[in-house]
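Once you scroll down, you'll see the structures, which are given as C-alpha cells.
Heads up, the next two complexes both have chain A, just with different partners, chain B and then chain C.
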Partner chain A sequence: MNALDQYIDLYEANAATVSAHSAGALNAARADALELLKRVGRLPHKGEEGYEKTSVDDMFAPDYGVNIGRVDIPVDLAAVFHCGVPTASTWLGAVANDKFVPTESLLRNIPEGVTVMSLAAAAAEMPDVVEKYYGRIASEERGGTPLALNTLLAQDGVFIHVCRGVKAAKPMQIVNLLSSPVPLMAVRRVLVVAEEDSDISILFCDHSRCEIKCLASQVIEIYAGKGAHVNVCDMEESSSGTSRFSQLFAEQHDGSELKINGLTLLNGITRNEYYIVQKGSRAVTTLDGMAIGNGEQHIDNFSELSHSGDHGRSNQLFKYVLDGSSSGAFAGTITVESGARFNEAYQSNRNILASREARMHTKPQLLIFNDDVKCSHGATTGQLDQNALFYMRQRGIPLAEARMMLMQAFMMDIIDNVGIDGLSERLRHLVERRFRGEEMMCADCNAKHGV
Partner chain B sequence: MDNEIIDKVAGEGDDYKYGFVTDIDTDIIPVGLSEDVVRLISAKKHEPEWLLEFRLKAFRYWQTLEMPHWAHLSIPEIDFQAISYYAAPRTRDKAKTADEVDPELLETFEKLGIPLAERNQLAGMAVDAVMDSVSVKTTHREKLASMGVIFCSISEAVKDYPDLVKKYLGSVVSYRDNFFAALNSAVFSDGSFVYIPKGVRCPMELSTYFRINAMGTGQFERTLIVADDDAYVSYLEGCTAPMRDENQLHAAIVEIVAEDRAEVKYSTVQNWYAGDREGRGGVYNFVTKRGLCRGVCSKLSWTQVETGSAITWKYPSCVLAGDGSVGEFYSVAVTRNRQQADTGTKMIHVGSDTRSTIVSKGISAGYSENSYRGLVKVAPNATGCRNYTQCDSLLLGSHCGAHTFPYIDVMNDTAIVEHEATTSKISEEQLFYCNQRGIPTEEAVGLIVNGYAKEVMNKLPMEFAVEAQRLLSVTLEGSVG
Partner chain C sequence: MKEDILLEIKGLKAELADGGKEILHGVDLTVRPGEVHAIMGPNGSGKSTLSATLAGDPRFNVTAGTATLHGVNLLDLAPEDRSHEGLFLSFQYPVEIPGVSMVNFMRAALNAKRKYFGEEPLSASEFLKLMRRKREIVELDNKLASRSVNEGFSGGEKKRNEIFQMAVLEPRLAILDETDSGLDIDALRVVAGGVNKLRTPDNAAIVITHYQRLLDYIKPDVVHVLYKGRIVRSGGPELALELEEKGYDWIKEEVDNQKDSAI
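And then the complex of A and B:
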C-alpha cells in the first residue's frame, strides 16, 4: 500500500482538529500541501534519482500514530537537564516529541533581541513575522512530497528569532526527545530567522528513548539576513528503532555566513537533506557531516547547495565510518547559476568501510552554468591504512585499539570544526565511546541506548 | 579583459570540412519502422533465420519501451517513424580491390583522408569503411587472415563465421539493455567484426570509418570485437557526416570481449556534424559501448575524443569480470555553440583485484552543455579493487554549462575508490604568463587547451593523435593552432 495514503486520510478526517491545535501560517499552508500530495500521490521510492538507497515510502509506511489531538505524552524531561553538554554553556530548551518545552532558565535568561518560543504560539502572537518566512524558504520544488507531508501535519515546533545586530552570547541548545508508549511519528518544524548582522549558534540534539518504532519528520528553515552569522549543529543520537527524516532549508543573503554540522552518532534509519541557496553575494557556507554506522544502521545525507550571487564560497565535507552491516549514502550537488560570478565551491566525501558487509553509495555532483568559477569535488571510499595499522601494532597497540584510534583520527577534522565552544571536546569523547562500542550515554543523560 | 577573445575563439570555428555530400545512387528503403521493415532489412542482407529472430525479439521489446529522459540533455521529440532504416550506396558486390570501388565512393573516402587503396596507405592500418548502412571496403584482409585475424564487416561475418557471431552477438550488450540498444538490435545494418585468435598480437591498427551520407536516414551499426586468450588489438573508429538542417540519428552498439590476458584498446575520434551555430541540424549520437573483460588479467582501454554531434549520449563501459582485469577510460569531450553532451563511463568491478582508471576532460564553450556521468561499482565479492577517477571541466565563455554526475557504489570493504573533479575557466595567470612572453591570447588559449587535454591525447595511437590534436585546435580555435 502507498504509505502516503494513510496520512492524507488521517488529515482529511481530522483537518479541523489539526488546525485547532495550531495557528496562523502553519494552518494557511496546509491546503497547498494537500493539493501537491494528492497530485503527486506518492513518496519517493528507493532507486529513484536522488533516493538511490533510501525509500522514503518505507520509512513512512508503518502505522505511526500522530498526536494531532495534542494529548500529553509523558516525557521524562529530567533527561533533558542531564543532556547538557557539560563543558558547553548553553540556553536549553526541549521539544518533547513535537511540543516545545522551554526550561525555566531559558525563560529567565534569554537576552533581549532573541526570541525562542513555540512555533504555534509565535504564529498566533506575531503572525506577520512568521508568515513572512514560514514555508517561504522551503520550496516544494526542492522538498517535494516529504516537505508537503510535514507542512500538512506540522502543528508545532520551535521559533528562533534574532533581531538585527544582536549577537547571542551563548549557543542555544534544543533537545529533541522522542518518547512514546505506542509507535509515533513526531512532526517537527523549526524556523530560524537571523536578521541583518545578527549572530546565533544553535545545537540540536536528537534523542530517542523509544523502545518501539518511532519516526521523526523534521523541517528546519533558516533565514540568514545580510551579514548574519548562523551556526547550526544537528546531532542525532537515537536508537535502532528510530527513523529520522530531516530537511533543512536555508537562504543566505549578502555577506552572511552559515555553518551547518550534521552529526549522526547513533541511529536507525536516517535521511538528512540540506538545501542551501546563496541568494546574496559574498555569502559563505560550510556544510559538514559525520556518520558512524554499525549493525543495520542506514545513514543517507543529501545536499543541494546553490550559488546565485557573486563571490560566494562554500565548503562541504562529509565523512562516514561504516561497520557491521550498515549502509551509507551521500549525494551532494553544487550548482552555480548562470550569471553568478567568481564563486568558489568545494565538496568532499570520504568514507571508510570497516567490515565486509558495510556498503557505501556516493554521488557527488557539479552543475556549473558559469565560467568564472572554481569548483571541485572529491570522493573516496576505502579502508583503514594498513601501513598505519601495522606501524601501531608493531609498537604494541592491539589491533582493535589501533583501528579505533585511526577511525577517531579520521573524524577529527569534522569534530574540531563544529564551532561551538566545548562541544568539540565532548564530541571527541562521545565518538571514542561510540567506536569502542561502549554503551552510549550521551553526556550525562540517563537514557541508555543499545548499540 | 580577454573574455571577448575567448568568446570569439570558443564560439567561432572553421567550417566543418567534412560537411559535403556525395552524389551517389543510393538504395534507400521507405521511412518507417515495423516488423516488415525489420524483415526487409534482414532479407536485403540475406541473413539466416536466427538473426532475423534476434532482430524481431529486439524489435518487439523495443515497442514496449519509452524514450528515456534521465540524461542532462534536452532532446527534441524524435519521430522514429520518419527515419529510413536502411540506405546503401548502389554498387555491385562488395569491392575486393580498390579498383572495384565506385570511383565516387573512393573519392569520398579520399577526401575524408581515408585511403582505401592499399598501396596508398601507411602500412600500419587496416580500414573498414562504412557508408550509411553498409560496409564499402575492408583493406588488408589477406595480410590479417594469414595470422588468423578476422577483420570484416559484420554482415560478412554472419555469413562466414556464424558460430562466432552467434556466440558473442548480444553477449555484452543485450537487446534488453536500453532503449537504443533494443532499437539497434532490431535494425542494425552493418559494422565491423574483429576476431583475434589465441596468442596473436594484431600486427596493425584496425580501423573503421563511419560515414552518414544519405538524407533522412539513421545509422545503426554494430561492432563486435573478440580478443581470445593472450591476444592484443588496437582498434580505431572515426566518423563524419554531411551538413544538413535536419537531425540524423546514430544509434550504434559496440561490444568487446576480452578473454584471459587479452588486451583491447579502442580509440574513437568522433566528429559527426554538430549542427550550425544556432543549433540547427547535426547528428544525435546515442551509442551503447561496452566491453566485457571476461578473462583473468585482461585489459580494456577506451580512449575517446568527442568533438562532433549535436547531442552525444554515450558511456563506454567496462565489466571487469575476470580476476585482475583492468579497465581504462580516457576522454576529451568538447562542446561549443549549442552542442550537448552527456558522456562518461561505467566501471563494474565484479572480479577480485580488478583495477580501473577514469580520466575525463570536458571543455565547454558557447552555449553548450557538457556533462560527465559515470558509475563505479564494486560488487560484494570483488576483493582488492582499485579505482581512480579524475574528471575536470574547462569552461570557455559565460553561457555554457559543465556538470559532473559520478555515481560510486562500493559493496566491499577492501576496495579503494577515489574520485576527483574540478571545474574552472582558463586561469588568468596562465593567459597572462603566455601574453607576457609574446604569445597572443588566441594562441595561448589553444596552448592551454591542448595542454589540458594532453593526458588523454597521449593515450591515442600515433595516427589518431595528430588528427585529434588538429581537430581539437580547429574545433575550438578556428585558425589558432
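And then the complex of A and C:
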C-alpha cells in the first residue's frame, strides 16, 4: 500500500463528514482532487524529477490521523504567545493544527478593509470572493498530487483579504501551532487576496508541540492585484519530529510587488515549494530562503518563478548552513516566457557545509524563451572561511564561538532583507540562539527527539 | 636571568600542513620584556611563516623545537589561548569578515580573554568607553568601528584597525607582520605612533619588515636576518641600515658559501 491510499480511503469513508465541517469552494474542489489522486495513484518518490532528494511518499507514509470530525484537540494557546517573535507590533491570529483561532485583539483591532478569518467561515459567508480565487492560483499541473491531497482533505485555514487601496498599518501574524497527543497530519489552507494597490505584510510562525510525529500539509495561495504589495515571511521553528510539506502559489499582476522569505530555523523534514507567476507587467518578486540544519534534519526548497509580462524583475537568494548529518536541497527554475520582454531575473543559492557529514544538493535552472533579458543563476557550496576563523581565534575568540559568528554572519543579508518592521532584529537574536544551540520554543519536543 | 625572558624559541622547525614542505629549518630567538626586535630578510625566507606558526596558524605544522611565552609552552595551546596568554599577531593581510561587526568582534575577543582569566564580561558602557579610548590611539574613525570587520577598509585603515585591536587586547608580545606594506607615509606615521604609544617596560614587539623605513619610526633594539628558514645574522639597529644600503646579496652569499664549505 502506498502512502496515498490511506488518505483516499479515509476520505471516501468520511466524505460527508469532511464536507459537513467545511463549506462552499473548499467542498466544491474535492471531486476533481479525488479524481486526480485516483488517476495518478501515488505521491512523488525520491529521485523523480523535481523530487530528487525528498520523498513525499515517505513524508506522508506514517499512519497519521486527520482530524476529520473536528474533535477539539486540547491546544495550549498560551504557547502562541511564546512565539519568539514579539506580538505587540502585529495583529495576531493562530491556527491550532488546522483550525483557525482568532484572538480577542485581532477581532477588536482589525481595521476596516482588512479581513482575517477562518477560511471555512469565509467560504460560507462570502462565497463569491473565496470561489473566485480558491484553487485558481494553485495549479494542478504544478502542484500535482500533493496539492490535490491538501485540497481533498482541507477543512479550514486562514483567509486574508485586503480591499482595494487599503494599506494595512501593521503586519498580520499567524502562529501555526502543531500540537497533538497522537500522530497527526494537519491540513492547512491559506488564501491571501490583496486587491489592487493594497499593501499587507504577513508573518507565519510554525511551531510544534508534538511529543510524537506530526506532519503539516500546507497550501498557500496569494493573489497580488495591480500595484499590490504583499510581503510574506514564513518561518518554521518546529521540532525534529515534525515534517512539513508546503506549497506556495502566487499570481502577480501589473506593477505588483511580492516579497517572500522562507525561513527554516528548526525542523525535522521540510519541503517548501514556491510557484510564482508574474502575469502582469512591471511586477517585482523577491524570494529569499534561509535554512539552518543540524542533526538529521532535511530541508528542501523548490522554486518555479515564471515571467510572462514585460519589464518584470525577480531576485531569489537561498542560503543554507548545514551542520551535523543534516542535508539540504535546492532546485530553482526561472522561466522567461516567449513574448515577455525586458525582464530581469536573478537567482543565487549559497551554502556552507559546517561538517564533513552534511550534504547539499543544488540545481539552479534558467529557461529563457525570449531575447532582451538579463538573467543569471548560480550556486556555491563551501566551508567556513578558514582564514577568517584563524583571524578570529588569533584575537582570542574560541573556535566554537568564531564558527557560530561566521555562520550567523553568512545569514545576515537574508535577515536584513526581511521586510517586516522589527523582525530583522528579532531574527538576528533567534538565529544566534539557534546557532548557539540554546533552547528554542520547541525545546521540550526536541529533547525527546534527540536534537 | 630566565625570568627576564618573554619569548624563547629554540630550534623551531615548521612545515606546510598541506604537502609537508619544510619552511623553518630551526629558528632560535630570545626576546626580553621592553625590547623591540626587527626581523628582516628576502622574500620567501620564512618571516611570515614564523609569525603564523607562533600564532598557531593551522596551515603549518611544527615538527621540532620549542617556543615559550613567559614560560608557557605556546605550541601546546590553541590559537585563542595563545592570544589570551598575550600573543598578538598583526596580519600582513587582515581578513575581511562580512556580517560580523567590529563591535561584536572586539566584544567577543575581549570577553573571551576575560573569561580565560576568570573575570566577568565588561558591561556595555564600560566596553564602549574602552573602545573610544583605544580608537584615539590610532585615530580610527568611529564609522569604521561600526562596520563589518575590515570590510571595504582601505589598506591603511586595515592596518590602523590591527593596531587598534592590539591596543584593546594589550598583548605581552606583538608581532607586526609587514605592517608597513601598503601604507603611505602619513598612515605609516600614525600606525608606528600607535605601536610606540603601546610600548611598556613589560611588553615587547617583533617587527617583520622588508624595509628600514618603518624602523625609523619604531626603533628596534635588535635586528635579525632570516634567510632560508633560519636566523643567519643578528645585530643592532645599524644592521638594518647596512641592509638598506647593501641589500641581502652579501648575506645570502655568506650563508650559501658556509653551507658549501660545510659540505
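Convention: the second predicted complex is superposed on the first by the 438 of 451 C-alpha atoms of A that agree within 3 Å, B and C clash if a C-alpha of one lies under 4 Å from a C-alpha of the other, contacts with A are read in each partner's own complex, and residues count from 1 in each chain.
Definition applied: a contact is a pair of C-beta atoms (placed from the backbone, for glycine too) under 8 Å apart; a residue touches a chain by one contact, two chains touch by 3 or more.
None of the values given here were measured: they were computed from a predicted structure.
Student: Could you say whether A:Ala388 touches chain B, chain C, both of them, or neither, answering first, second, both or neither?
Tutor: After superposing on A, A:Ala388 lies in contact with chain C but is clear of chain B.
Student: With the two structures laid over each other on chain A, which partner does A:Ala15 touch: chain B (first), chain C (second), both, or neither?
Tutor: It touches nothing on chain B or chain C.
Student: When the two structures are laid over each other on chain A, which of chain B and chain C touches more residues of chain A?
Tutor: When the residues of chain A touched by each partner are counted, B comes out ahead.
Student: By the touch definition at the top of the document, which applies to A:Ala354: first (chain B), second (chain C), both, or neither?
Tutor: first
Student: Between chain B (first) and chain C (second), which, if any, makes contact with A:Leu367: first, second, both or neither?
Tutor: first
Student: One more residue to check, A:Ile397. First (chain B), second (chain C), both or neither?
Tutor: Touch partner of A:Ile397: chain C, not chain B.
Student: On the A-aligned overlay, A:Asp413 touches which partner chain: chain B = first, chain C = second, or both, or neither?
Tutor: second
Student: Looking at the overlay, what does A:Val129 touch: chain B (first), chain C (second), both, or neither?
Tutor: neither
Student: Do chain B and chain C land on any of the same chain A residues, and which?
Tutor: In chain A, no position sits in both the chain B and chain C interfaces.
Student: How about chain A: which of its residues touch chain C in the complex?
Tutor: Checking each residue of chain A against chain C gives 385-388, 390-399, 401, 405-406, 408-413.
Student: Mind listing the chain A positions that touch chain B in their complex?
Tutor: Spelled out, the residues of chain A in touch with chain B are 49, 52, 338-339, 341, 351, 353-356, 358-383.
Student: Mind listing the chain C positions that touch chain A in their complex?
Tutor: 55-58, 78-80, 82-84, 88-89, 91, 94-100, 104-106, 108-110, 112-113, 116, 148, 165, 169
Student: If we count contacts the way the header does, which residues on chain B are in touch with chain A in the complex?
Tutor: Answer in residue numbers: 70, 380, 393, 395-425.
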